[in-house]
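Both complexes below contain chain A, partnered by chain B and then by chain C.
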Partner chain A sequence: MILEPFQYFSPLSLDEAFEILTEHHGEAKIIAGGQSLIPLMKMGVEMPCIVDIKKIHELKTIELSNDGSGKVSSVRVGALATYNEIERSVPVRRNIPLLAKTASGIGHPLVRNRGTIGGSLSHCDPAADLCATALALDAQICITGPGMKTRVLSARDFFKGPLETDLHNDEILTSVFFPVSNMKMGYDVQKLTLGHGDFPVFIVSVSLHYDGVKFTNAAIALGGVGETAVRASECESLMRGKESITGEDIREVSRLITDRYDPPVSAELSPDYTREMLSVYTGKALRNAVQMVTG
Partner chain B sequence: MEAVMERQREKPHVSEPRIDARERAMGLAKYTADWQVKDMLYARIFTSTVPHGFVKGIDSSEAAKTPGFVDIVSCLDDSTVWQAGEREHERRVFADHVRFVGDCIGAVTATTRIAARKAASLVGVQYEELPASFTIESTLGNSQLKIWDNGNFLGPLKFEYGDSEEEFSKSQVVLERHYSTSRLHNVPLEPAISIAWWDGDNLTVVAATQSVHGCRNGIAKDLGLEPEKVRVIGYYKGGGFGNKINSMNYDLIAAICSRRTGKPVMVEYSREDEFINVHGRWSTDQDLRMAADRAGKINAVEVKAKCDIGAYTRHIKRGHFIEGPEHYYSTEAWNAEIYGVYTNTPATGHMRAPPGPQSAFSVESMVDELAHELGIDPVDMRLKNFIRNPPSGRFTSNGFEECIIKGAEEFGWKQRWKRPEKQRNKSGIATGVGVAIGSWHSGLGHGEAIVSVDSSGTLEVNTGVVDIGTGAKTTMALIASGEVGIPYADTRVIWGDTETSPYSVGESGSRTTGFTGTAVREASRQLKADLLLIGEKLHGISSSKLEIKEGNLIRSGNGSVLSSVRELMQASGNGRITKSVTTEPTLKEGEERFVFAAHFAEVAVDLETGEVKLTDYLAYHDSGEIVNRLTAESQVQGGIVMGIGMALTEKLLISKTDGSIENPSLLLYRIPNMTQIPKIKVFFTDTVDPYGPKSLGEIPIIPVTAAIGNAIFNATGVRLRNLPFSREELLGELKDRK
Partner chain C sequence: MEAQTFELKFKLNGKEVNALVDTRETLLDVIRDTFGLTGAKKGCDEAACGACSVLFNGHAVCSCTMLAAEAHGGSIVTVEGLSVNGEPASLQKAFMESDALQCGFCTSGQIIAAASLLDNADRELDDNEIREGMSGNVCRCGAYNKILHAVSETSRKRKAK
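Moving on, here comes the complex of A and B:
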């Protein structure tokens, strides 16, 4: 039950939204899917002014976007695209299947029907599924402010800390660009949860590119092991440029990851188990990703 | 047995959707929370913040300033005793001696839900704190502790037959093991709620109860009223599984607050309140010994158990905290010694087969351990030992053997079961299968029903059932419709109101179909006999040569339609014929009446993480005649799902520092969801019981945890003895093995 009254606005355009955000500067809070905000309000966090952006239709689009030469260079996912829409989107499935796979595993159907990519990234929970995958996929985040001033940031620069991003409170995250590669892709996402549909304790998101001879890119993003989702760069460099990634390589990377990163403590699992699982799930994700490439 | 198995079913199973399925699915069904009563106020409880103490003072000055505040009542000005709240002691609605964090001290009434909630949060309470205990060990080890003045535990309950000393000393194999089960919560979809209003000294309560009559009697007793002065209405329910049994404290709170304010009052619990303020299942610590000979005959079982029953334990009888398995097997001796131990933690009480699944878990795991020790197939082990007749007397019917044999056949046990060390594992996943059996009582008792037919030929069944989710209304309609011969579609049911309906036993203890259904059947028979006599007069054909089918009077033999029931009624000149019946069936000397089941599970265990996935499940039940296949199957599946939760996901986390519940939400208390539930196949035997349909609601949860645990053992060779099964413990054991 939400005990405190609040003002509610439902702008139809970005212009209108910025007007409201400016007028209620500091007080106004954007709501998208409400899957994080409403639970917070129910827990008693006061939100005196809510700006519901769901009626701003231009924020819903998912489309391919071209570079200057007309070649598809990225997929632009509107901030309001829900997990369910992302999971079903043909451009996403075809070009950035890791994003579709990640979206399909978030929470359960009720959450996936409402939760949005913009909300998840703006909320910036260190263990959120999409934060890890956005990092693994080198996503570019597009932010618009009053006067339609727009800036683009890499996911890495966007995430600042637990529940903290580079967004100012009169800005809106409008879309997320995911670069498309024409190379062979191997990917997987694995997470430890306390129960099905629960927020991850930690999450491992892996993306590999293979040009037929060697792995040109290897990205491992981890969620839940630090202040924000992080890239395990020191492990990535062990794989990048290799012609093959062996079981021994995978074991080494998994070991390295448990040495370097601290999974969080949860009430129900011992630290030892959680730590061991970080290496087990990293191993699973890497094995599956490598197998997709070398099959 | 052969004969039973060979005999063809005379009629195919009836399988009808619930009579109110449309209303429920379309949102037309009016649940208690949907009632809009004119001028209604909202009451909100305030509760203890200390685990144990006396309330010394209450400061309501801040609360009273809240806009919308109307009234406050507490233990300082109301000492009503809630008799159904604790059998062995006096439990007040508003406790002045608080026994757990969350014990109800009082309630604030206000004009809106929000105002009531805010005001309640502002009430200040001063306590004199007392020593407290949050575990069985600390209760038993602390002589300073006085949760109750006359002792902090109940029991021992001793249950004994045979000479167990003798059996243990002469048996070739003796196993000794410890098992434990966790505190759980019923988690009905609909949290507790009640609305009450007074009209002079007549009280009306719209209750979310499992029994309108039980609720009425309880309220009347506690408030010192004649039962006739209390009307309880309870139409649509969102489940209870035992925690809406009889009268609840929130019914009394609504009535008390309404009497004080002169307005209708609604008391509504949040999910968190429901977890903390309504009881759940007690936990158990069990030491078992089992003795057998090499051929696999179980000679004796010894069970020593201590159960954490919280600060209160509703109406559970002294020591009846472990019960059931003494009726699974024919052993020479049985020796049980059971204690219920109070702790300063939330209450426990009735939850689907209250002691059933805890007791089955240990015994059915241990029988499996014994089978393994002796190198016997677990199904054969059960076939060698299952109970054919109780120690003194006989069962009214017994389809146990059929459940085990046919269940194993349908499951493909022979092809799927291999010794644990021979189970294959593919790419880090080990699969295995398990079996467990169980039985549960199936009593007979007082039933009342009014069955009538009106001039349009519509059949009306009037019983005091509430339909807690069991499909009771549908069952009653089907019994009457089948018995009289009027189509189900032309049958209506009156229910759920003490003012209009005769007594029905509460929908608890798996009793409704047996108790009230028997009365419905008898009334329907009498009604049919009357209709046949009218037919005899009208057509000049002896009633013995007449039948009613599909709403028509027909001639036996050639089946020609003589007239419709409607025409019969019109010819009779009666607007309505009504049969009001009370039945009181009793068992004959030496007879015992039980239901039986055998369950089969398959699991897949991830050897890297210890995660267990249930991949297949089959249940074979003897519940006698099945009135409605569809709702019966749902009951079984529902019970199994609760059992899956108990085995794999559910556990109330009790704080070590103040005994409070650390996970009072569906986010943190995990009931299984659809991805964790395989397709559950349900079969019923054709057992005929002389007294009609047997019980069904509770038994399905009983064998589940052991069936799953036994499958985990079969997959991995690891025996888990604590519920819920922990992936971490399993992984640890797997590693120790390497």
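Moving on, here comes the complex of A and C:
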């Protein structure tokens, strides 16, 4: 039950939304899928003014976007795209399959029919599935504020800390750009959860690009091991540029990851177990990704 | 702050309805308490059991984790709205024929989740797809195998049509 009263607004356009956000400065809170916000409201967190952005239709679109020469350069995913819509989207499945795969594994289907990419990234839980995958895919976050002032920043610069981002409270995350690669892709996402549909304890998201000769890009993003999702850059550089990634390489990367990152302490799991699983799941994600490329 | 109200209008089981609600009310509370439709149940009240599932614009959602105001202008179908001319729908019949319940507390949520899954699928679903598709709906009596049977039978029959 929600106890604290609040005003509810449902603007039909971004302009109207910014008017409300400006008028109720500091008190207004955006609601998207509500799958994190409503539980918080039920816990008694006071939110005197709720601004529902779901009637702003332009925030729902998922589309291919071209660079100047007409070549597809990225997929633009509107902030309000739900996990279910992302999972089913043809442009996403075709061009950014890791994003589709990640979305299809979040929580359970009832949550996936509500939760949105904009909400998940703005909420910025350190172990959220999409935060890790947005980092692995070098996503660009598009933010608009009053006066339609728009800025774009990388996922890396957007995530600031646990439940903390670069968003100001009169700004809206409007869309997320995922760059499209014409290289061969290998990818996987693996996570440890206590039970099916539970929030990840940690998550590993891997994206590899292969140009036919060598791995031109190797991205490993980890969620749940720090203040925000992080890129394991020092491990990536061990793989980038290589012509092949062997089982021994993968074991070394997995070892390095468990040396450098601390999986979270939980009441249910012993630290040794969680650490071992971080190594196991990193290895599994990398092996699957490499195998997709080399067959 | 004083309690705030919201002039809510939406389609409930095919009929346009309206009500003056408190902004704090969840969709589940309004469906049960204002409209007296008690098929959707309050189990956990935190999106963890699926007993409160309803179809919102054709997709199953937890009505406990949705503000009633968020349903404004949308279409809600509860388990009461699935029957055809007062007769249980084929999916509901399959639940009865498969004996897919014990206490029945989770059943309306299970049926709604299954309806969403089947309505949004373009082919016959295999058992694993059904398990994953229904994984937000907990059955504390453990009638899972029979629930799976009911849903897969319905999926097979729909495909055969």
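We adopt the following convention: the second predicted complex is superposed on the first by the 295 of 295 C-alpha atoms of A that agree within 3 Å, B and C clash if a C-alpha of one lies under 4 Å from a C-alpha of the other, contacts with A are read in each partner's own complex, and residues count from 1 in each chain.
Heads up, the rule we're going with is that a residue touches a chain if its C-beta (ideal position, glycine included) is under 8 Å from a C-beta of that chain, and two chains touch if they have at least 3 such contacts.
Since the structure is predicted, the reported quantities are computational estimates derived from the model, not experimental observations.
By the touch criterion stated above, A:179 is placed in contact with neither chain B nor chain C.
Within the superposed three-chain model, A:3 lies in touch with chain B and with chain C [touch as defined at top].
Contact with chain C, but none with chain B, is seen for A:31 once the two complexes are overlaid on the shared chain. Applying the stated contact rule after C-alpha superposition, one finds that A:108 touches each of chain B and chain C. When the two complexes are overlaid on their common chain A, residue A:264 makes contact with neither chain B nor chain C. Contacts of A:226 after superposition: neither chain B nor chain C is touched.
After overlaying the two complexes on the shared chain, residue contacts for A:84 are found with chain C alone; chain B is out of touch. Between chain B and chain C, it is C that contacts the larger number of residues in chain A. When the shared chain is aligned, chain C comes close enough to touch A:52, but chain B does not. Shared contact residues on chain A (touching chain B in one structure, chain C in the other): 1, 3, 108, 196-197. Within the complex formed with chain B, the chain A residues making contact are 1, 3, 108, 194-198, 267-270, 273, 276-277, 280-281, 283-284. Every residue of chain C that touches chain A in the complex is listed here, in rising order: 1-4, 6, 22-24, 26, 45-48, 50, 53, 56, 59-62, 65-67, 69-70, 72-73, 113, 116-117, 132-137.
Chain B makes touch with chain A in their complex at residues 113-114, 117-118, 270, 608-609, 649, 653, 662, 667, 670, 673, 675-676, 728, 731.
Put simply, chain A touches chain C in their complex at residues 1-8, 10, 31, 34-35, 38-39, 42, 48, 50, 52, 54-55, 84, 107-111, 113-114, 196-197.
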